[in-house]
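Everything on this sheet refers to the single structure shown next.
Order of writing sets the chain letters: A, B, C, D, E and F. Residues in each chain are counted from 1.
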Amino acid sequence: MKFAVSINEGPYQHQASDSAYLFCKAALEKGHEIRRVFFYNDGVNNASSLTEPPQDDRNIVARWSKLAEEHKLDLVVCVAAALRRGIRDENLAAGFRISGLGQLVEAGIEADRLVTFGD
Amino acid sequence: MKFAVSINEGPYQHQASDSAYLFCKAALEKGHEIRRVFFYNDGVNNASSLTEPPQDDRNIVARWSKLAEEHKLDLVVCVAAALRRGIRDENLAAGFRISGLGQLVEAGIEADRLVTFGD
Amino acid sequence: MSEGAIKKFMFVNRKAPYGTIYALESLEVVLITAAFDQDVSLVFMDDGVFQLKKGQQTKGIENKNFSPTYRALDGYDIEKLYVEAEALAARGLTEDDLLVDVTVMSRAELGKLMDEMDVVLSF
Amino acid sequence: MSEGAIKKFMFVNRKAPYGTIYALESLEVVLITAAFDQDVSLVFMDDGVFQLKKGQQTKGIENKNFSPTYRALDGYDIEKLYVEAEALAARGLTEDDLLVDVTVMSRAELGKLMDEMDVVLSF
Amino acid sequence: MLHIVNKSSLERNTLDSCLRVANGGAILLIEDAVYAATKGNEAEAKLRDALARFKIYVLGPDLDARGMGDRIMEGVSTVDYGGFVDLVAEHKNCQSWL
Amino acid sequence: MLHIVNKSSLERNTLDSCLRVANGGAILLIEDAVYAATKGNEAEAKLRDALARFKIYVLGPDLDARGMGDRIMEGVSTVDYGGFVDLVAEHKNCQSWL
């Protein structure tokens, strides 16, 4: 089955990005396709290449980049939300791309299910 | 009177930073001193120099920088929270500095009142 | 890309305006979804009904008043606006307080409508 | 800098752990405040009492279990831990469920204590 | 003591927690909390009871932004940001119920 | 339809809204919402009533993280992230009550 996932909150402050990541991993393990992960609102902060969490904590951004590389995931950051919050190509982590909100709608159309994670 | 202000949420997503800014402006207009504004948790995202809100919207980061310049405000970004979220010297807006959590405690000790704005 | 597929999208607005950005961001997605020629329904329940309140004046909080956009939805052929009757009543509001024409529904009717959707986005 | 001034700091913890970062960040400030030799009180009310629940196992959510830190507070001379009695009861918890020794207080007693503080930080 | 509440009482429990625990003093409603002090809101009766124990203020700019400036319930006072500053200064301490 | 709730019912109104409006189907409690399905929680009676109209699931890893794995109330089923995925796949549509 084709899933799409939308994330509305940034890393660490809320569990949204953690839950979404573990959901995606489980879906992939079950042989489903993740059509797209869309980062909206504060969710765009998951794409910052400059994050550096403490050694003993999970690295949320790096984890998304790795999952994207392993499974050719399409991680899309909403351009308008990103500009408001200071995420641009120059601090965009590997595996993410910046694009328009239409990518969320398109994912909703093309995927069999769209699951949102937020506050 | 000496005030200190603490901000726990990022710009735009929550009203916290707006409310804190208008509070500080009003306090300064009344002749009070703002001993320090401390940005904690997602509040550190208020310090990103890379933000670029739509033309017809307020520029929250620039507004803080301007207020800091006009009134020699001490805008302090929590270093641990900032590292987690990708705020570093290279994308730090004018008027902000990165320092330890001790700066919040110190502000609480030295100011007559500490007011927190959050979610 | 969408190969002409039309899906039923519902946007559930449950939060008051200005305290958080969700109401504004919901509007953005709604407009884009309409541009993709999808079937768009907006639901306002809980504090979300406050988004439609007439007379918003945001100068004092130095923020942008985005409520006129609700009036513009009609121009984008977005006409399915549903408001929870119980939510209005619990907030001392009536239809006359709202910026736009809406269909007021009971919670039971809303629940039924929700079931018929393909994609439900909550803000 | 602090010229030896000692203020009464209260940290009000109202949120469950892991769903948001506030519980963890509260602990960080608490430790620093103690390092500044201030008078530190921690209050756990509402869902904040869940922060002290025994048996937290975070492997399944791939997050760090920070609850052992509450046991370490004693070593930093942080001994004033207050828990709202009504909050425990509403969540089916008793003192035996908690990781550390606390003083259970009624809401009225907590309100009175709060009034006596110099700085109250809420998480 | 000044208690600052910023969330709608129909969405979150912060106003209830404040009313349950706080020992009197003043309550300032800001941001989405301002709705609690408007006529016809489900919280109105609760607020009216609270007026016996607390002085209650609401932040006018937040009320106006939400189009509720003409609906404030009796007994509640409106302040602007300057009044917010005064309230903080006048009370020995304050707490934001987040 | 699958309803996903992620906030504690003692802090926010999302579970109440879901129970009030949703027309049956399944409810999955994740993150801080898992507390609602534990014994002795004030929400327990409400959840028990809801079992007549909904199939109710709770995300095990979130329950364990919070040290509540041994307190789940009767009639509620525990799933892991794989089960979460299955629930989304099995239902025609889903909604996150944010």
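Methods note: a contact is a pair of C-beta atoms (placed from the backbone, for glycine too) under 8 Å apart; a residue touches a chain by one contact, two chains touch by 3 or more.
All values reported here derive from a predicted model rather than from experimental measurement.
Undergrad: Among all other chains, pick the one whose mean CA position is farthest from the mean CA position of chain C.
TA: Of all the other chains, the one whose centre lies farthest from chain C is D.
Undergrad: Sort the other chains by how far their Cα centres are from that of chain E and give me the top one.
TA: A
Undergrad: Going by the touch criterion at the top, tell me which pair is linked by more C-beta contacts: D-F or A-F.
TA: Between A-F and D-F, contacts are more numerous in D-F.
Undergrad: With centres defined as the mean C-alpha position, give me the chain E-chain F separation in Å.
TA: 32
Undergrad: Suppose each chain is reduced to the average of its Cα coordinates; what separation in Å results between chain A and chain E?
TA: Chain centroid spacing, chain A to chain E, equals 38 Å.
Undergrad: Taking each chain's centre as the mean position of its Cα atoms, how many Å separate chain A from chain C?
TA: Distance between chain centres: 25 Å.
Undergrad: Provide the list of chain D residues touching at least two other chains, using ranges where the numbers run on.
TA: Residues 14, 18-22, 46, 61, 63, 118-119, 122.
Undergrad: Touching at least two other chains at once: which residues of chain B meet that condition?
TA: Correct list: 8, 12-13, 15, 19, 22, 41, 57, 80, 114, 116, 118-119.
Undergrad: Quick one: which residues in chain F touch 2 or more of the other chains?
TA: As it turns out, chain F has residues touching two or more other chains at 6, 10-11, 13, 31-32, 61, 80, 93-94, 96, 98.
Undergrad: Determine the shape of the graph in which chains are vertices and touching pairs are edges (line, ring, star, complete, other).
TA: Shape of the chain contacts: other, as it matches none of the listed patterns.
Undergrad: Following the definition at the start, I'd like every touching pair of chains, please.
TA: Here the touching pairs of chains are A-B, A-C, A-D, A-F, B-C, B-D, B-E, C-E, C-F, D-E, D-F, E-F.
Undergrad: Which residues of chain D touch chain A in the complex?
TA: Contact set of chain D toward chain A: 18-21, 61-64.
Undergrad: If we count contacts the way the header does, which residues on chain F are in touch with chain A in the complex?
TA: Going by the criterion above, the answer is residues 4, 6, 30-32, 61, 80-82, 84-86, 88-89, 93-94, 96, 98.
Undergrad: Within their complex, state which residues of chain C touch chain E.
TA: 14-20, 46-47, 50, 53-61, 63, 65, 67, 90-93
Undergrad: Using the touch definition up top, name the residues of chain F that touch chain C in the complex.
TA: Interface residues on the chain F side: 1, 13-14, 17, 20-23, 25, 93-98.
Undergrad: Within their complex, state which residues of chain C touch chain F.
TA: Touch list, chain C to chain F: 12, 14, 22, 45-46, 84, 86, 107-108, 110-112, 114-115, 117-120, 122-123.
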